[in-house]
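The block underneath contains the structure these notes are about, expressed in structure tokens.
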Amino acid sequence: MSRLLQLGAEMVRDEDVLLGYQADRLTERRPLVIGDRARLRSWTVIYEGSRIGDDFATGHGVVLREENEIGDRVEIWSHSVIDYGCRIGSDVLIHTGVYVSQFSVLEDGVFLAPGVALANDKHPIDKSNLKGPVIRRGARVGMNSTVLPGVEIGADAQVGAGSVVTRDVPAGALAYGAPARVTA
Amino acid sequence: MSRLLQLGAEMVRDEDVLLGYQADRLTERRPLVIGDRARLRSWTVIYEGSRIGDDFATGHGVVLREENEIGDRVEIWSHSVIDYGCRIGSDVLIHTGVYVSQFSVLEDGVFLAPGVALANDKHPIDKSNLKGPVIRRGARVGMNSTVLPGVEIGADAQVGAGSVVTRDVPAGALAYGAPARVTA
Amino acid sequence: MSRLLQLGAEMVRDEDVLLGYQADRLTERRPLVIGDRARLRSWTVIYEGSRIGDDFATGHGVVLREENEIGDRVEIWSHSVIDYGCRIGSDVLIHTGVYVSQFSVLEDGVFLAPGVALANDKHPIDKSNLKGPVIRRGARVGMNSTVLPGVEIGADAQVGAGSVVTRDVPAGALAYGAPARVTA
């Protein structure tokens, strides 16, 4: 095995999966590390320079960029895109067609529903000032919701479907709407 | 032809199409049945155990999960994902980047615009209580709209773009907004 | 090189890229023209009959339909779909999972954030009356926003995340909400 590709035991990988894809923004090549029992489905691409735990699974057409730190038992479903430099805990489920921007933080047990988008740039495209949302442990974000840059969603909070989250949501709260307001 | 893959006449299929993809949640293999004149474009995957009528067409990167019942002249366009256990009638058009959740019902002539997401789970992730929306015949759902679990959209109703549909919409009505309200 | 595929110098192209894909709605084959230094990533398909400038780049899973006119230094990122007949200027960035409908106009320097959808059909599906939005030079549209048919977004205007743009936005304005209202 090349030092640039450090793959665990018992990987099951469809034919059309790209691993260690070169990131143009990095000036030198960096290793991709994936733990045991990964299940990677067709048309998934994982860039170089990420470190991923055990029991990782992807749907079809997943794009995982470089320099991500990912825990154990994480699933990323079809057509979701994880941009670079994120920290993702364990037992996280990123459903279908989600976009996670650069430098987002998803703690353990987070759930992102289909179509969720996390933003990191108040004044696109200003790459000097990117700040992704922080989604605390156990928080759940509903379908097609949008979370603005730097917003923090507290532990076990829940965001209703179709919301636009412009301010922090306290731990345990339920918030929804555009802009999202706390209701419980 | 294998009993597990029962394909009709005159199929036109790009090279990178996967048919009869194994569904991990099924304990035994089930046949995939597709009618005549299917047109399947690149990077489409169709899981095992669905039954699809004639003149079926997909765009690029379509994911169609297992145990779906689909009528004739149905089109599913690029990057749309249909989860398992749905019932879809005839003459249905599912446009680009749509997500249809498990156990959704789409009757004849339904149109789902780009970015529509249908939900089935009020308290994700509770798989014991999934209930998809029911979209009655001829109803049309506008771009980037979200339809909540168990909601029924009546026959020939129309939902405006960017709506969040939290309650039933009567037959023939026009509804829009977040939450969507009936206006005509 | 075939007359139907006119590719510039120094193209870098992943293996699974389809160029000059046949458009069923055209009655005769038309050339695809791409300028110099294109960078095309895996699972991108570019249909026949478009004319694209220099320094064009795509992410993974991009679908670019036929009869588009595209300037120089345009980037289209992963899973975005550009429908047919659009006019796109130079220095345009179309981010992840965007849908651009038929006959849209994007002038120079436009930015579309992840999940943006541009509509062209007030009464889907009426193909006799398609009219895409016009996004003037330097305008920026935020994440998961929806822009309705025929709407014009003025030069250097900015649309906030999660908006539904139902009316024209003046040049230089900031608009957001559903429906989007001008606030500055």
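For clarity, chains are labelled A, B and C in written order, and residue numbers in each chain start from 1.
Simple rule for what comes next: a residue touches a chain if its C-beta (ideal position, glycine included) is under 8 Å from a C-beta of that chain, and two chains touch if they have at least 3 such contacts.
All values reported here derive from a predicted model rather than from experimental measurement.
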{"item": "Each chain counted as touching subunit A and subunit B at once", "value": "C"}
{"item": "Homomeric contact subunit B-subunit C: same or different residue positions, threshold half", "value": "different"}
{"item": "Angle of rotation relating subunit A to subunit C [CA atoms, steps of 5 degrees]", "value": "120"}
{"item": "Chain centre separation in whole Å, for subunit C relative to subunit B (CA means)", "value": "25"}
{"item": "Multi-partner residues of subunit C (each touching 2 or more other chains)", "value": "16, 43, 61, 79, 97, 115, 144, 178"}
{"item": "Interface residues, subunit A side, partner subunit B - complex", "value": "16, 42-43, 59-61, 78-79, 93, 96-97, 111, 113-115, 140, 142-144, 161-162, 177-178"}
{"item": "Interfacial residue positions of subunit C with respect to subunit B in the complex", "value": "16, 18, 43, 45, 61, 63, 79, 81, 97, 99, 101, 115, 117, 119, 124-125, 144, 146, 148, 163-164, 178"}
